[in-house]
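In what comes next, subunit A is part of two complexes: it sits with subunit B in the first one and with subunit C in the second one.
Moving on, here comes the complex of A and B:
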């Protein structure tokens, strides 16, 4: 019995020692490629930082006005177009000049107030304000139209109340809904609390697929795989150290990014458990590498691997809801999102860090990620072993 | 510059590409596939937002109000909750994005002619979705208020409901969407996707070209030959520029025919600008390839300089006009933005050289800098 134990211990020890040696080899190889280290650092730090400087909010959109009335009423309406959403870009004498301003992109919104605007309001006649919006950029066009309609709607409502002789203090005695909306998790809708984390999760995905794929194809292309094949290493012993080494690099990068950029620069609220977040990240990076390994078995050189990686990566990122919200996906693709591992990772990333949710709430996402990830990883390993067959 | 030597290098590169069947296939499949997936999928029309209700009133009036949400295609009704305490859990689990809380005596207060506060709790994770949701909530509420006010006026002043309606909403809005009448994301997105795909695939096609020869050692054949460095770079890149231009044509056809995006601009100007842009993006790949020693590094650096800026700084999703100064500065560093303006101008706005010459010039400068830098960086007598 004791003999068997020793033998087993020896075999496990040897296995671990070989694993350690191979993993070290991968890390050293990566560390000596200074430009690769630079690219990885750049993606984790600067890229995530840069993502915090952009956003999908309407800011200072230029509104140009054609005011054919020049009355107190028209001026009051015009001055309701205020920052942060809008910025007044001056007046035009002629309504047709608006088209040119929209063409060149000098104005996003052209507001056209008809003659006798004030007179019509005061005499109870219906009047209409024309709003032209540059909808070539859908995000801006949609938001600008929506906010303009809100401003003009509120203006009309206020005018109606004023005509009825309802003062601001008597508003309680008019039957109406007072809209009290509150935004949770990110009350001021800071883009800096959304974009950088989404970018970080995307970067993790890119690394988790590309680094193992490259590490495996490179050996094939340069012929060093022959050296590995004559060693006593099994295919799994060649593969696992690569994956674990890359996962370690990813975890290190993620930690640096969270500490220096998300926490350090953007003051991102870390509501949930960081330990849980890193566990999930490790699981995600490890299992998603299966896709990279799968790619490496199809490709003979890195050029093929790079193109295959793009073919897998971009749809996977797109289907995750990192760039557009799931509610904006067309039917069909909305359902296909469950096939993207990043979808679960995004849900959990924001769930843990921004919403402060724990496993009691996120267990179904974790289950989804684990099942999908294990399938992907299993597929990769199966293909990898077969190519040695 | 010797044309025969350039052709020889090009022919050698072309044979290599053609013999690598998988690479050749992917060089055409990847752009088309990206165009199809994003063209069909990438929309920003937020619809079917799941929401739940806490109705403390449960009156006919509160149901009537809630049906404004339930019947709207922008919202998906996911049921009534017992109390506010359940909301937190559902929002955290992303089962709902919005919760509406109707206070007690909602109907009674309205009937008495008094105002009622209705609380709406919105998931703020994705700021764009939040702005859209807020917009829908405000629109539903103001439409409802308009009707309430009309009824109030009609009761108090004894006019007909129709007349009261006009008095309650004296100012109508005539919204006109220029360039994209139905504010269909597909149109603008399909056209901008031409930029997106041309920003990503040509650099990846070329990025590994030179470094592969360096890593495999076949570059020594070039070092030892009579081919000059200029001839080598031009000859090496010509097949990739060719492939990318063919891809450009395919993408343009997909955008106009499959996705129905209108093309209103000057085809000649657009084609010329696109050739400049493609030589720009292949140049990016070339520069990366000269800069690094290993293919892996080339691959990751290409990710850095292509995927990221084309998603964040091109105007595809994130409007450049609303970036802060730092973001705007970064956007101006990448060629994607200029070409995106050219694409939108040519497709939707129907403007040409007279308006867009500045952007085309910026691209040409960009290409010139990239190619010159590549020329200076490439040596036939490497130091190490």
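Moving on, here comes the complex of A and C:
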């Protein structure tokens, strides 16, 4: 009596045959889960696309004016607040109304021009205008304040020159420092390059944790793991096909995102080797799945798994440099960044795709990712084997 | 039922007329009508999904419905307010073990909570609580947290909480599902006592057809419709016929011949049961003998069919022709009983921390044998199976499965056995064929043999029509056949089944058993299964009863019953009117094990003739009319309960 067919006698052949069966099963199941397919499509395509359209730029900030002077000078100053940064939101009769508009969020900037503004300028007396800025959103508030200061300063400078009767060309003889900076890697400082790439790397992270966690916890929730445990499959043989299948799905999603969104919509430069980028992504997705596996051993159902995933994801993203540059972190947290695999992945993702860097420069990040990733994966596998071994 | 009294409407507690309940587009209940009289135990019987729960929730006033009307205590339930008005007079226990209780609270705290909710006066609470705790034998556990109670005890506590405000109508949704037979019997005793002392009316649902005889009247539900309604006798009249039982050789040949003619044939252990429609006993016997001309037929008897037979006959009539052709696998000769030992357990022990879950369990299963492992929840059945299948290492003892030592060769065992687990645990989002392919590959069936092997099990489990359907959309009965097919795809010689037919309707269960019998008899597969259904245990060639981790009885079903008759006596079935005073009279004269079954009483007696005379004397002395006293073959449930109670008595004595 024989229990195995002859051509599967070899243990390696049998192992691969089972691996193939399990991986196929994972892909079929994923394909049937329309909600998950929707989430994958949405995150890899639309979410990345949207990230390219919302930047931290000052755009059409509403400026409301209280002009107590109503003179040519005051009008000129007001009209220097121009799109795309500013938009005039009309005039108020009363200075105190400005406070209310800031409170309700109807205006971001309130410009208050005092009476006798023109008269004072023309008579050479010092004068002042008041600018109130809503800095509830600190970035926007900071940008609005500094742009306003620049506009008003330039206006004062122009007025001073005019009053001295000096033409702009005469300034060439005045000693001045000209600021000639160069911006590298993203010369136009396009948010539409930086933001979608950053978002894509975060989406890869979410998927690398959530997909294997969902696949593993679903088996627990529906009791199918019991059936697998009485088959000759070892825990590794149950686990590995899941991780490989989900890594494949992530690579596919990444390829679609880069081709359709980064390249297709935003005309991303794509400086470095795509092969290197996909290799790094595969390594990252595979090893980070260890966190998902770990979560699946703790959670009893999908809802718990999702909650735990958020708990893991938030510090991981926070410590990665995706939202805050490392230099801006306080000392303790900056050191903790080496514990976030996403930190290395972002280093390498930016390095390869934006700067065109190769392994000669990025080897240390790769080493860090490999070591950290293997530790995480090992932890997940250890927990899984302990639970189901 | 003896009394043909005219029912005036005052005696009606519940009246349901043309009740319709839909969930979105799916119709759960379609035009059900029934009436429940004061002081009766009314049964709703049917498999999962028949519509029992929807109907009960609507009667309890916690579920809105789409059509028809419900009247309780003469009050039409057509609004929240109307439902509120009668809620104080009824008690409802939803389905699931202790689901309406609070796991962290103690027994007493749970009761107090429900008493407060129902505004039971403080003065009365103490007395009621004591009485109910005594009745359910829960006094000793007053301070124990609910989550630490056994399943049967949780269910009894649920009943106490439902009864604390002394409702006139109690609605119990599958109170005995998943509860061991002893607790189940306790439960019926409590219900009988309530009926007798307080005249309550009860609406009780069950998925166990063998519990049907407990009800005075009942409705058989299937697919949201009433198949039959009334007293057991009335339901049997709906599907008239006789049940013919006999031993025939060769069995498989006899089965094949009978299935060509009768829709309702099954092999039960060594015996064959045939339902012969419209036949009087003698005519039915002759008909069966004619069909089996030339085969050796012994011990043939014809009797009144069980309610399960009637249910199946009614279902078959409703569905029209049997949609799948019965399995025909006639063999000219019964294969010799294999003497190869398939499973051997020798003194198996398993400890969890300081708790001994399995204690010195030994048994042997031969090739071609169907072996049943019976026991309450927590008796250790599943642990035994886990050790034998190599999932759990034993603390002590030894064993071999399919020629591999269970202590070292777990992997080899897993490759050589098939396993069907308790809950359906294949992939519901994949098709039947995808599931079969997956498990075939896992079990090492190679590419060349894949289609042939799958084709074979598809034919065996009769899954041909549903091969490309998503499993989640199939009914339970077909899913379990798929689970069986997946476990057979690599041609194992040993099959483990852990409660394989829970939640499957009776017809589905019979189909499932047809396959098992074929596997054992024709293909000589050894089958080890656990079950809660005592009627299912009858199918096994050999049974082991487990209690508290030990095997307390191990024999063929017939030998177990014979031993019960020798030790405890025969079961006497008494029909007397009025039945409740009769029961009381019998208990007062020391027949403590008298139990109410619908409108009949069962007692155990050693000397049938003497007991009959004595019982007649007692009852007629009280002016009670005795209609019939007849000995009745004991069921396996009788055996089970007796053996466990015997153990408990022995432990108390020590």
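Basically, the second predicted complex is superposed on the first by the 338 of 389 C-alpha atoms of A that agree within 3 Å, B and C clash if a C-alpha of one lies under 4 Å from a C-alpha of the other, contacts with A are read in each partner's own complex, and residues count from 1 in each chain.
Here is the rule we use: a residue touches a chain if its C-beta (ideal position, glycine included) is under 8 Å from a C-beta of that chain, and two chains touch if they have at least 3 such contacts.
Since this is a predicted model, take the numbers as computed values, not measurements.
> Based on the superposed arrangement, let me know which partner A:21 touches: subunit B (first), subunit C (second), both, or neither?
Touch status of A:21: second partner only.
> For A:33, is the partner it touches subunit B (first), subunit C (second), both, or none of the two (neither)?
In the superposed model, A:33 contacts both subunit B and subunit C.
> Touching A:325 in the superposition: subunit B (first), subunit C (second), both, neither?
first
> Quick check for you: in the superposed arrangement, does A:222 touch first (subunit B), second (subunit C), both or neither?
both
> Please indicate which partner A:233 is in contact with in the superposed arrangement: first for subunit B, second for subunit C, both, or neither.
So A:233 only meets subunit C here.
> With both structures superposed, pick whichever of subunit B and subunit C touches the larger number of subunit A residues.
Ranking subunit B and subunit C by residues of subunit A touched puts B first.
> Need the overlap of the two footprints on subunit A, from subunit B and from subunit C, as residue ranges.
33, 222
> State the interface residues of subunit A toward subunit C in the complex, per the touch definition above.
Residues 1, 3-8, 14, 17-18, 20-22, 24-25, 28-29, 32-33, 222-233.
> Quick one: in the complex, what on subunit C touches subunit A?
Going by the criterion above, the answer is residues 389, 391, 411, 414-417, 419, 421, 423-430, 434, 437-439, 441-446, 448-449, 470, 490, 493, 496.
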